[in-house]
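Next come two complexes, and both contain chain A; in the first it sits with chain B, in the second with chain C.
Our next item is the complex of A and B:
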């Protein structure tokens, strides 16, 4: 039964990782852009939620909505103001800009909030759980996280397959030059994709911060988890991202059940195994830069 | 009758190389003129130059943007701990052995990491560095959960304090000079030509018969070995090993990346310029580590957008120069024939 419980908790944890991975997956799919500050942005959003709650004296839910909106706006501006200048055949500038920004965010947070562990208080939902059997209970909050992840990924899938902007995303992803000739404003489009990426990672950061404690240096780990979820699921596949997150989550919780403290290593090893035997991921379409 | 010659040296590079040799001689005499504080600063500058040259070779020439160099530094730190502290091997011999270990370890790493490209390669190397860190934590005899010391009784047995400091100083200098020499020699070799052809046009290079993966692998292994030796020396110098610091991405990769980007990626002079800036900023932010990271990180991010070839690239725009003789130029001896300008532009 402990193993069943570990798998169930892992699936729920996978929801959080899928939420982290959404932005990475989208930015890579549409722009071939890899944001090394992705994890630090999530942690930034978590701290912003804390500060918003205490300054405006509103609940964490309200500040979450505000912070996600602000993050999305920042994503749009960052893409138009900075990242668009790094797009090209050479991936180096984009990697370096985002790596630099990540380090700046991390140290700015350390300067302002100190290294003490923080946690977002989001109400009693965090402690409540559904008792399935005597040995198996499912927390409401992890369940909510998974549901939110499924809704967001599903919404994104619909958005990309049904709407005009979504069609433009796919066209630009396949062939940016021709898409541009057909009258697609790629600079605006990239910025919209980055706004979604920043918004979702902000949301992921808030969910992480409500679920467990975080510190300024927590970002890189979340970047690695999100990235692993994307690669395990397969580059360019939205539902693959969810599956990738779940595989990673289960690997971690089962690993921890097997030997305490083995969770992170187990996750990384599963990732490396997938990389070795299915380099395009489980649902990979074989997209490569 | 027109005669053609292919030359690499220019008047500037001859002078620059001579000045560099003189500078190395002066620095090698450091223990006799430098104060203890100066020597400690120089040791730090030397090992950062060594790390920066290697990262420049990887990212600037081989297109391997690694964010996992801290993995090799950390593994080397624990290798020194096991070899020198636990088994009584001379620390400087242990340093060389640690380099061999990381070089050997880097080949299977490439097996995984080389499947990823660009930004995903970067994060992939980061994951592998984390794997190394987590594995050292699980190997009980390493005692990686606690702070470990390289003690005077074991590691430095038979060395007086002064002798030990001087040897660390010379080893650091040798690593910096060696790293620079490696880059210059690799670039002058056939492999170097292959590397630059890959950098300029991977498909085209393949078409001409360049073995892209093998060429990259050679550079990857060389850099891993040299970074390992440097990481070993860093910990012989500090004599303290903590798991977090030994595998710290900020100290052993981020700062190095910033040095190279600010100085100029894909140029032999870049890392030297970058290290000078790094030292300048470090001196100004002695009591604020976060301030130092923010300034260098922001500067690097800005440079990556507005001046992707760093300070070196900005100087090159004004006047083209080459510190060390690497590039081949065609010289037409007959003065009657108008000389085509073959010296400008990238090789």
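Our next item is the complex of A and C:
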């Protein structure tokens, strides 16, 4: 039963990883853009939620909505103002620029909030759980996280496959030069994709900060999990990201059940195994060049 | 009266490589103009410059009175210019129908719809749900033309429609041109096949090493002059 419990908790944890990795997956899928500041952006959103709650004296849920909106706007502006200048056949400029932005965010957070661990208080939902059997219970908050991840990823999948803008995303991802000939303003489109990426990572940051404590330096660790989820699932595949997050989550909780403290290593080993035997990921179709 | 499209003293190229040296040409609304010339003469570059895909370093491109230099490609689509690019460039991860719909992304008001395109190219009708990557070359070319038409352009630029296609397919594609012209679209096409270009065009411009070497109406041009303009060599006695 403890193993069943470990798997269930792993699936729920995977929801958080998937939610976090959504923006990475989208940015890579549409823009072929690797954002090394992604983890720091999540932590930034968590801190912003704390500040918004204390300044405006509103609940964390209200702050979350505001922070996600602000993050999305920042994403649009960052793409038009900075990232668009780094896009090209060479991926290195984007990696260097976002690495630098990550360092700036970490140090700015350290300066303003100090290195003390913080946690977002989001109400009694964090401690409540559903008792399935005597030895298996499911926390409401992890369950909510997973549901939110499924809704966000499912919504994004529908958006990309069914809408006019989603079609433009796919066309631009295929061939940006020809997409321009269709009347698509690729710079605006990239910024819309980045707004969605920033918005979802902001949301993930709030869920992350309510689940465990965080500090200004927590971002890169989360980034690693996010990349692992995206690569396991398959680069650029939306549903793959969900599956990748769940696989990583289960690997970690089952590893921890096997031997306490083995969780991170187990996650990395599963990631490396997928990379060795299925380098395009579970749902990956390979990266077009 | 201002010309529909007038290119004047155009200099353009890719990075340090200059491909066009002072090219001038005018296109009258409702006519079909063909650009001929050998490989590397700058034909495709000229079309791309009109569509906004290459850097213009000198001269002007005026369309319906507006100067186009510096206008990004996606705005030129709204103004009524559509390019069918060399190599067809259909979107492989989209279906045939989605390729057509993306052509209408910033569509101007006009007659072209998915069903009108299928009427023009009946072979696309049964392929609408198929991935564009799985089409044959001729099917992809028909799709690329249909996709450009979906924007309801006033000026359609066709780049080497016949490239790499079997003659019977090329014949079918050219048979669709009258159906396109009937909707009032002006055509500017690049064609390596001189005979075909002379048979469809109201006016022909020949490029040689990035310069205009000859232009005129097909019935005014002598075969020998075309040969010289095309290859750059005098005809041997």
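Following the convention adopted for this analysis, the second predicted complex is superposed on the first by the 287 of 289 C-alpha atoms of A that agree within 3 Å, B and C clash if a C-alpha of one lies under 4 Å from a C-alpha of the other, contacts with A are read in each partner's own complex, and residues count from 1 in each chain.
The working rule: a residue touches a chain if its C-beta (ideal position, glycine included) is under 8 Å from a C-beta of that chain, and two chains touch if they have at least 3 such contacts.
Because the structure is predicted, anything quoted here is derived from the model rather than measured.
Of the two partner chains, neither chain B nor chain C is touched by A:135.
With both structures placed on the common chain, the touch criterion links A:34 to chain B but leaves chain C unconnected. Of the two partners chain B and chain C, more chain A residues are in touch with B. By the touch criterion defined above, A:227 lies against chain B but remains apart from chain C after alignment on the C-alpha atoms of chain A.
Once the two complexes are overlaid on the shared chain, A:121 sits clear of chain B and of chain C alike.
Within chain A, the residues touching chain B in one complex and chain C in the other are 288. Chain A makes touch with chain C in their complex at residues 164, 167-168, 170-171, 173-175, 177-186, 288.
If you check the complex, the residues on chain C that touch chain A are 51-53, 72-74, 77-78, 82-83, 85, 89, 91-94, 98, 101-103, 105-107, 147-148, 151. Of all the residues in chain B, the ones that touch chain A in their complex are 59, 65, 67, 111-112, 115-120, 122-124, 126-128, 130-131, 134-135, 137-138, 249-250, 254, 257-258, 261, 265, 289-291, 293-294, 297-301, 304-305, 308.
Those residues of chain A whose C-beta lies close enough to touch chain B in the complex are 28, 32-34, 36, 82, 85-86, 90-97, 99-104, 106-108, 110-111, 220, 223-224, 227-228, 231, 235, 261-262, 264-265, 268-269, 271-272, 275-276, 279, 288-289.
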